[in-house]
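This report refers to the structure that appears directly beneath it.
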Amino acid sequence: MNSLQHDALTTHSLTRVHAHEAYHGVRSHSLALAAPLSAEDQCLQSMTEASPCKWHLAHTSWFFEALLLIPFLPHYRPFDEQYLFLFNSYYEALGPRLARPSRGLISRPSLEDVHLYRRHIDASMHRLMDECTEEQWEEIQRLMQLGINHEQQHQELILTDILHAFWCNPLKPAYDAQYPYPGPEGRAPPRPAVINERSGWADFTGGRVSVGCPASDQAGAPFCYDNETPRHDVLLPSYQLGTRLVSCAEFAAFIDDGGYRKPELWLSEGWAAVQAHEWQHPAYWIPDGLSGWKVFGLRGVESLDGTEPVMQLSFYEAAAYAEWAGARLPTEFEWEAAAHDVRLTQVAGHAWQWTRSSYDPYPGFRPMAGAPSEYNGKFMVGQLVLRGGSHATPSGHTRPTYRNFFPPGARWQFSGLRLARDLTC
Amino acid sequence: MNSLQHDALTTHSLTRVHAHEAYHGVRSHSLALAAPLSAEDQCLQSMTEASPCKWHLAHTSWFFEALLLIPFLPHYRPFDEQYLFLFNSYYEALGPRLARPSRGLISRPSLEDVHLYRRHIDASMHRLMDECTEEQWEEIQRLMQLGINHEQQHQELILTDILHAFWCNPLKPAYDAQYPYPGPEGRAPPRPAVINERSGWADFTGGRVSVGCPASDQAGAPFCYDNETPRHDVLLPSYQLGTRLVSCAEFAAFIDDGGYRKPELWLSEGWAAVQAHEWQHPAYWIPDGLSGWKVFGLRGVESLDGTEPVMQLSFYEAAAYAEWAGARLPTEFEWEAAAHDVRLTQVAGHAWQWTRSSYDPYPGFRPMAGAPSEYNGKFMVGQLVLRGGSHATPSGHTRPTYRNFFPPGARWQFSGLRLARDLTC
Amino acid sequence: MNSLQHDALTTHSLTRVHAHEAYHGVRSHSLALAAPLSAEDQCLQSMTEASPCKWHLAHTSWFFEALLLIPFLPHYRPFDEQYLFLFNSYYEALGPRLARPSRGLISRPSLEDVHLYRRHIDASMHRLMDECTEEQWEEIQRLMQLGINHEQQHQELILTDILHAFWCNPLKPAYDAQYPYPGPEGRAPPRPAVINERSGWADFTGGRVSVGCPASDQAGAPFCYDNETPRHDVLLPSYQLGTRLVSCAEFAAFIDDGGYRKPELWLSEGWAAVQAHEWQHPAYWIPDGLSGWKVFGLRGVESLDGTEPVMQLSFYEAAAYAEWAGARLPTEFEWEAAAHDVRLTQVAGHAWQWTRSSYDPYPGFRPMAGAPSEYNGKFMVGQLVLRGGSHATPSGHTRPTYRNFFPPGARWQFSGLRLARDLTC
Amino acid sequence: MNSLQHDALTTHSLTRVHAHEAYHGVRSHSLALAAPLSAEDQCLQSMTEASPCKWHLAHTSWFFEALLLIPFLPHYRPFDEQYLFLFNSYYEALGPRLARPSRGLISRPSLEDVHLYRRHIDASMHRLMDECTEEQWEEIQRLMQLGINHEQQHQELILTDILHAFWCNPLKPAYDAQYPYPGPEGRAPPRPAVINERSGWADFTGGRVSVGCPASDQAGAPFCYDNETPRHDVLLPSYQLGTRLVSCAEFAAFIDDGGYRKPELWLSEGWAAVQAHEWQHPAYWIPDGLSGWKVFGLRGVESLDGTEPVMQLSFYEAAAYAEWAGARLPTEFEWEAAAHDVRLTQVAGHAWQWTRSSYDPYPGFRPMAGAPSEYNGKFMVGQLVLRGGSHATPSGHTRPTYRNFFPPGARWQFSGLRLARDLTC
């Protein structure tokens, strides 16, 4: 099943009733994700790029406070002035903030205090939804959709970040043996399909295609981020895509063939990373006996299931694998143009898929107005686009035009790959 | 009052009854020190040199387990084999261990688990004290004294380390507004004496003096660490010592006089540190208005009391201050020879005092036998000796021959200074 | 004048006579560029990214030796086996090599030895041109063109690298007061045109345009690098380009307006760089009095000429300036499609122009076969494309399809910018 | 032969005739040491701790200029104002200076310019010696002795620094196949004695001994540095010293026995260095075949002569070896008290000998007055004392009271060890 259709909850022009529901659903889900974690767990920051779960819970609340409650709710007073400093992530326009590497040092406020903070924000948000004027509603519902999607992004980060922290613990604790959970709508995220047969190729004829989203200020436009806009045409060559993601067994064959020891397969920066970090396999893989592997994941250490999509890859590793396989990574537009094609499986719900596209602005790109202008645009250099969505991506959060992005060396995300090839007639 | 007399609890040849008592007293005190801290607080590691409180609680237990229970208690099985890895600090002979900078990543075992571990160790230790043979007792009580003193050292580190972690938190939380606590014997550590008058000088005539401790394997010898042995004679010049510690008000005058901007006052490495870290005052001092200061301590942020001894100094700052004051730091032997002199105040119980002595071995130094050989000797390079004892040093833990040591740039200890001068007749 | 036309010397299907000439011209020019530098100067490496002049002289010789003489010249023996190690830059397929940061430590071989090496290579190359078979010639002339273009690239680096090294010298020595020199054909590189009037805008109507070069293995195709191929179509929006480059006076106005202190103008990584390196102006600018500037260049320190194109900019600074100016950087294809337009000045011969395009592979990109496969392709991540050409780019070396590339933080190149804007009808 | 007697040239109260001679001898010798090196060689700085030969030649001249010519020679004008910045090493009182790591970037002034500078200084110095008043002479000759000894120290550094630079060159060039040279007085430095027999032990009875030098402002006192003063008494235990230095063959046995893999032999910081730098043998040793060694030195790469004293050791390695050998390093006073004993060989002229003494000030230490106060005193932390003198120490420069010092990790000096043991009766 392809889970990339737009979700009713995130369409434009949210009614107030839907807004209450959608807000409540997302907020509850964050707490459900944190539930298996102790207060100690939720305080951990295992590297600068990752954040403590508690910080995610607070920051997503701060986002509603800073963008909605303070500007729009009459007589609103911040829950705690210092939280505006502690839980601002990177918004220069919204004041100074705690240095990112220090997020793990914030044992106070306690988790309990953060729960109080969330409840305060929630009550105030529901009040705002009830009490704001009709004139305000248009902008409020637009910012609420942003806040809801923002919290969904952090829901995935809660899982990737705690997984990294637990990986650093020699005990290799499980996040939850029962993972994955049902989503907020009661749908369980898809378990990776068992695929034993070799992947096939689907052909796509090149030509002019439209990509991206209409700007969300157009009437009836579904929600999307500014980095997906404006919708525009691109020219594609004819190409092939792998019908499924590269599997763990396939990646193990790359390792067995000396993939991590052959510089000719790697981009120059990638080869430097292999040597500097002594990479010999994907992150969280554990050699097991002569040629076997275990893998660490949210359920703890398990035997590697060769049929599952390989994950925890950097862009460098994905590109080296593709080179070894006589193929290449798809561009983000090749991927997008094919996202609805029924021949493809594992389009979303399994792993984010590195593309061969740098995260550059679309022609005519304009950041959102106001503070949200810093949301996406200022990161448009030095990153690569990932498409699709992982098992940890909240239901309804992704779509064919969605542009996820990370630096090429990032390995702590649920990031894998789908192969592409030129189609030469 | 000079609190440097030897405590009955730590003399050699502990009887079993005293051993039960002493062990219990020290173990309870560690928990009392941790009591004001949440589980989240106890998981914090704010820099490589510091450790989480939870780790201190576990490591001091591991010490008894590794040195006493495993070798001596019949049929003893480790509480958890993995704890031997997690909570070994630096004993190469006792197996591999968790890298020091990772101590803050150990959210599991939970604080609760560590409490269970402590209870298991305690029960086993009391059993060992009851059940061991008379032949074993001599060695066991010797190692127990070491373990008890070891835990006392970590009691001070619990406080210095959490203070550093809280300093990194913009909320600047207080450890406990009621600090200091009564010690295990019900004696409150001395509050810094109020000293308004200028410090005086006490003269000491040079000559041959004995320093250090008799080796503790001599009959009737009181407990001491191997680094205090052997007792030996040194020649001292005639000298003067300040009758009290340098006060905050005096140090503030050094700052006001541009002390942190005059390279001629500093050792070369010290001046490099001033520039690299942009030091402008002792650690934990907070500029307050035009010429005032606040200071952060275990009771949180308070106005600076100019009569209190200055603390949180690196050796470099102590040495620069002494230079500015037309004096110098005492050598460790000048300090030791004068420690019982009634003219001196604030000898212990206020602040550790940097000396002008590198931490070198005494002539004829032999490390303790077995695993404890790594306790002190292997750190005898690159460190400076501090003498005395701070308000956080457990009662009975220090003595005139005690050699504390830290690298010259360390500022997170309760470290101040006493001036010395040559006495030229 | 627009110096982007293809030069006769670098067209495909070089005859042997032309090859002798072209080779000799380029080789002589390298020595002419090195002539103002002492042996000491030529040994300097002032940062990892830069190389000593002597190393450039030797490496460009090694390139001919490794790719042409060893494979093609019968009985050829390397001048010195160790040079194969010392002067390989980054070709994994051609064996191990000296670590890049160590290039400045090679006082031996001496400059004199390197001159002997060059003469040996030159004599051998001329022999190869004379003696190779007709069957070999096709491949040899193709590799010779690569070698010649390779050496031309290093000719620009000789100047950028020594300029950086001299910048690090407090004496700020001039490379040559007479720079710029006549090129190998006796043509002087254009001096920056004096432009006092404000820049205008030239409009370009969007649509489908062809970009890139035909693959050079097509008959009659002019020389180009593999990264410019294959030629393919892209869709462009309608846009405007500045008719000239941004001038120093314009950039000074950005500085005066606090450009380096306004995070909202900067990409996130760029703002981090501003803070980390305390950038306050372009590299090599020297504040002079209250609001004036001097600038350091190949002629030494001179007063800033506000009419000259600003250079020594990182991509971050170029992008921040464009943001401040209410404009943006052009994409590499917007630039290329307009390169022949007569309304534009300073297209080449003044400064490389940062584009808003990441250095990604073209659709259907295939690296050159054999060792040259490492020439360009493996750097296609983490870099931005620059177009045009600077005053230091050898005559005939650049063209409208030429893709220069550097990491976004690089400032030691002759890199400036031309503005672009969306053309909304 | 024991070369530690005081040399007539460096006694106190130099006559003018002797001063001319001594000055000329030392200045000529510096040039003789630089003679085998090309201008390129003399520009090399291979690590922050080392300096280019050209810089040594200029800095030693600057020392005479700044301390003697500018203060004392009427109408003297600095050769070049900028040299005062370029060639000041670390004298805060004498103005700002070039950052140490940038010394290798100074291709200008050229070596030729530095030779001109030296000649200018020399002519001016001879004029100063001729023209100064009798009243001035006392201070001038005192500062000249300092300057002469200063230049001698740099003569050794010229050799150790170029040796490190050449070690970094894969060609491993020889400084001079004919090294060692005759000294300024025509005496050749002693070649290491061939010692095949096992080292013996010499016993020394403890007691009170005088160490250090009388302050050089006492009439008739020989020259010494301030760090050797004041002369004072210390108490020594009874001890043994090895009659010769530890040889390469002995050190090879330590390696063969796994010395670099046994943490129990190492100080904690030393073991960390072994792991961080992957030390497996002394610096400049090159494994040769199964169990053989070559060694790189001033004559280039040679077979290891097992009878020569081991050198290029850090303090950590020296201490680990001593531990392995069941011995220890001597303290600096044990060494000094025995320096004239005829049973000891290789006291000086072979290798500096690490002692177990930190570089602390002597009781009553006072730095020299004025700018020279920064010469020694400000480095008295974080360093260890070495005694003796190496084959590269200029003749007459060392003496039994001489305190050389380096950080414990330094390996690029000619530093070895002599064993010591407690003598227990």
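Just so it is clear, A, B, C and D label the chains in written order, and each chain counts residues from 1 on its own.
What we mean here is this: a residue touches a chain if its C-beta (ideal position, glycine included) is under 8 Å from a C-beta of that chain, and two chains touch if they have at least 3 such contacts.
For clarity, every value in this text was computed on a predicted model and none was experimentally measured.
Enquirer: Going only between touching chains, how few steps reach chain D from chain A?
Expert: The fewest touching-chain steps linking chain A to chain D number 2.
Enquirer: Would you mind naming the chains that touch chain B and likewise touch chain D?
Expert: Chains touching both chain B and chain D: none.
Enquirer: Roughly how far is chain B from chain C, going centre to centre by Cα mean, in whole Å?
Expert: Centres of chain B and chain C (C-alpha means) sit 60 Å apart.
Enquirer: Could you tell me the distance, in whole angstrom, between the mean C-alpha positions of chain A and chain C?
Expert: The mean C-alpha positions of chain A and chain C differ by 38 Å.
Enquirer: Between chain A and chain B, what is the gap in Å from one C-alpha centre to the other?
Expert: Using C-alpha averages as centres, the distance is 47 Å.
Enquirer: In chain C, what residues contact two or more other chains?
Expert: Touching at least two other chains: none.
Enquirer: All pairs of touching chains?
Expert: A-B, A-C, B-D, C-D
Enquirer: Would you tell me which residues of chain C are touching chain D in their complex?
Expert: Spelled out, the residues of chain C in touch with chain D are 38-44, 46, 82, 85-86, 98, 102, 104-111, 165, 168-171, 173.
Enquirer: Where on chain D does chain B make contact in their complex?
Expert: Residues 90, 92-93, 208, 232-237, 263-264, 266-271, 315-316, 319, 331, 356-361, 363-364, 378-382, 384, 408, 422.
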